[in-house]
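Next come two complexes built around chain A: one with chain B, the other with chain C.
Showing the complex of A and B:
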């Protein structure tokens, strides 16, 4: 996303590396950089996570609130996304520079979660037509090191996995106004099933090949790419083309297939790690001091 | 394909740190000394006859001059330093370069070699064809010739070893990690060359041969696979040393390279946090063995 300058020779070096399946840092075309994950950092949010993918750093917080459902979907709750590109992330985000990118990411996340295959919003309903849970997902981009879409989607998935929604009992039906009673016990919560929540996979096209998890230098060499939202059920829920270059329909089809395979692997590994962290219990939080 | 770790599993990078006696470390606002009679150097300020530190770093004392050398800062140029810069602007009779300093460095038209090695006064034609030689985005290796009044560096490429850089990989580290040596250009035995700019930019490229025409011709042919692997491995080794805050010079880079080959690490494995600490520990052990 950040515009960096590269010389012609550096671009040629990167192009040839991608052709030989050996990128500048030794990765193959389908390798991710190491990811570091931690959940539960923000104590006053219902769920939170921090994900670092090499230089990219994203913090997500999820808050749950009661509200009335949309009139055309009375049986469902909803998810609202908000992305904030902090000015610390990169000099381009100074002032209102990060707004365009923030809106793009927000809208694409909304699109990828719209499919019924991803998350069961009926679980968020409290009283049909009157009250439901709304999950406000706030995403803060702390540092931008390439490949923001993937980092954001993995962080959102981890935050949703750890989100605890308080149990609610409908007490008395006082005429038209029902009284909702929140459980006294702060640990009496339920969690959403985030097995099928989508992961975004960015594929950038350089020459005749495409690569996963591009660094800012590789993004600069590429003119086109796709961001694909892959759900846990190996289905593609949303696709977006980025960059100003054009894509041949054949290459688009093969990119979608590769994205679906890669996304499934990422989903599986992420769920395994989240389960492992949950089983480890209340360990010391590392936080931001390292 | 994907490696996800929990933050609690990632090792601390400072386990590699030297456990010798702590130097005089200070943070901004901490008192250095109450005694008078000292001259105030960089990184300090005086308040009511007491000397305080204004940056986080190590206190250095040379006779009566006290200064604080920060651990991480922008590059502070000295005359004679080798730097690597990227052209950001082509102006009248000069190029402006980004060298990780507070101001863009300046490369004057009269400070570069003309093609063919001619020695003549630069004409208006030369000025108009500046962009044909160096344009925005190009990487150049140069030496600091002079420092302007405002602190901007004036560079020159008046030697065959400096000039426009061709294919290769750039690694950015903190300038304080680059050791000042007799020569900053090294042809490493593994099949790659390395240029360690004092400004923290480390350039790794395929072996430079003696017959290259001083950086005027860019070689855009495909680099052979073995060279490319050496370059990638060196790049990861330099990044690992920088992450563990170890000094970067030709010996430490070669130790890290040899350690990674002997331990049988794959090139992409060197990106993982625990491999980085392992490499740094092996380099430290190698240095301790050499001392004995």
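Showing the complex of A and C:
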């Protein structure tokens, strides 16, 4: 994150605020900042979304392509994540500075989507062992305002929700070349079931309490935290401790329980909003003009 | 992405021959209990290597195996073997990275022949992330303020990967750091546990580790924890799979209990290292 320099007095102020359940912007410890979400922005992508969590801005584009499945998993399609920390987001990302963070986010997303309970990859298979759909999920971090993991995961979930995969009418093998025929109707598409796609919840520890959705200043005050991937069914699919500090086992356990509850609520609200947007139909896209 | 121009790359179509092996009949069954049955054999529920579910593999530790390094350690946990070398504290290589506290640079590398599937010579994404995890864990244990403006390098090389490499790396790295006389708050002991629907397996082998399977992952997961026993603090926590928070709590309890049991073993190894060092110094003094 951007180089935030805080004086000892400012750090003490944040600590005391957290103790009293009143953060610098008036939130309680378990409150999120305002989220602005819009899907279907990028016309060339099969699915896209833009999510703005206060000052963190993420744009996700999903492209579906046909490829041969992995030899170990002939019955499944796959998801490939790529995170690009744009140099616009923060001066630290200039050149190859953002690579480490991008790699970590990418890898953690892969870990949280690995389990078969999150997304049914068998739906992406076209011809067993020969052709399958590969979803390339490209995440562009436009602005970094703290809590990147959560922002990215919500944006990815929204983009996957709106991804339209073309229907294949005929799929046969012509000798050793697969022969596929797409349906003529460009609107004849199928969508994935993203009910159980995980949302990431970041909890940072400050003093004896932990916070949801930390701002960059709060991240600077904290030495350790956890990122938890919570799927739609209140299950935890991946956990990682972040930061250079350490945690007591009891604090870790209570953080995990809180994360699972918070994650479930966030998931539910996100799905409700996505459904609302879908029902509202093809209204004027606001895009980046706002 | 940096391309390795010095080595001849194999043809793109090369793949592991194990994919052509005839599939085991049990693997076709799509029942969760098949996993359990594969892991445990016999009426007294022992694992394939005759261990009980809460038994870890025998541990072998040795320090001082890299003569040129400031500190080094070798660990064997069953068939998982790895080496750690520690260099430093020395001047920060890139002058622009000057910092008032010391810095830790970790490199985690699998030897190309260590896993069933051949690894590349250069660090891939998984190894980069493991390096980051190791660094964050060790930063919690090392007294960084004792060597300002300096860096300590920790290099891990996995010679054979038979499950839980990160756990073994955590233990090995903290032993190597301690034998290099780097000031630390406490030793880090790493442990891994595999969660099955009604059972927990401590220190899983590669076969026992969780691999994602379609529709059968409920209550299956892998957990690796780095624990500092004297300070009762967790410095590394990596979980993948599908679990409830309550199950995670149980797994954590099992892991912390085991780490407390292993702590005296690691301390004994360090004690022997110091005794050897003192004996050598004594001999040198006599020779002069």
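The rule we apply is simple: the second predicted complex is superposed on the first by the 283 of 290 C-alpha atoms of A that agree within 3 Å, B and C clash if a C-alpha of one lies under 4 Å from a C-alpha of the other, contacts with A are read in each partner's own complex, and residues count from 1 in each chain.
By our rule, a residue touches a chain if its C-beta (ideal position, glycine included) is under 8 Å from a C-beta of that chain, and two chains touch if they have at least 3 such contacts.
A quick note: this is a predicted structure, and the numbers were derived from the prediction, not measured.
Overlaying the two complexes via chain A leaves chain B and chain C side by side, clear of any clash. Of the two partner chains placed by superposition, A:91 touches none, neither chain B nor chain C. Using C-alpha centres, the superposed arrangement gives chain A a vertex angle toward chain B and chain C of 110 degrees, stated as a multiple of 10.
In the overlay built on the shared chain, the residue A:76 is in contact with chain C alone; chain B does not reach it.
In the superposition on chain A, contact of A:34 is made with chain B only, not with chain C. Applying the stated contact rule after C-alpha superposition, one finds that A:240 touches chain C and leaves chain B untouched. With both structures placed on the common chain, the touch criterion links A:121 to chain C but leaves chain B unconnected.
By the document's definition of touching, of the two partners only chain C reaches A:111; chain B does not.
In the superposition on chain A, A:231 makes contact with chain C only, not with chain B. In the overlay built on the shared chain, the residue A:9 is in contact with chain B alone; chain C does not reach it.
Legend: residue contacts after superposition of the two complexes on their common chain; A:253 is shown touching chain C, with no touch to chain B. In this overlay, which is a superposition and not a single complex, chain B and chain C have their closest Cα atoms 11 Å apart.
Shared contact residues of chain A, touching chain B in one structure and chain C in the other, are absent. Interface residues of chain A facing chain C in the complex, by the touch rule stated above, are 71-72, 75-76, 100, 103-104, 106-108, 111-112, 114-117, 120-122, 224, 226, 231, 234-249, 252-253, 256-257, 259-260. Taken in their complex, chain B has these residues touching chain A: 1-8, 10, 12, 86-88, 136-139, 164-170, 218-220, 222-223, 225, 228-229, 231-233, 235-236, 239, 266-268, 270-273. Within the complex formed with chain B, the chain A residues making contact are 5-10, 12-13, 16-17, 20, 22-28, 30-38, 50, 54, 262, 265-266, 269-270, 273, 276-277, 280, 283-284, 286, 290. Across the interface of their complex, chain A is touched by residues 15, 19, 125-126, 128-129, 132-133, 136, 139-141, 212-218, 220, 227-228, 231-245, 248-249, 252-253, 256 of chain C.
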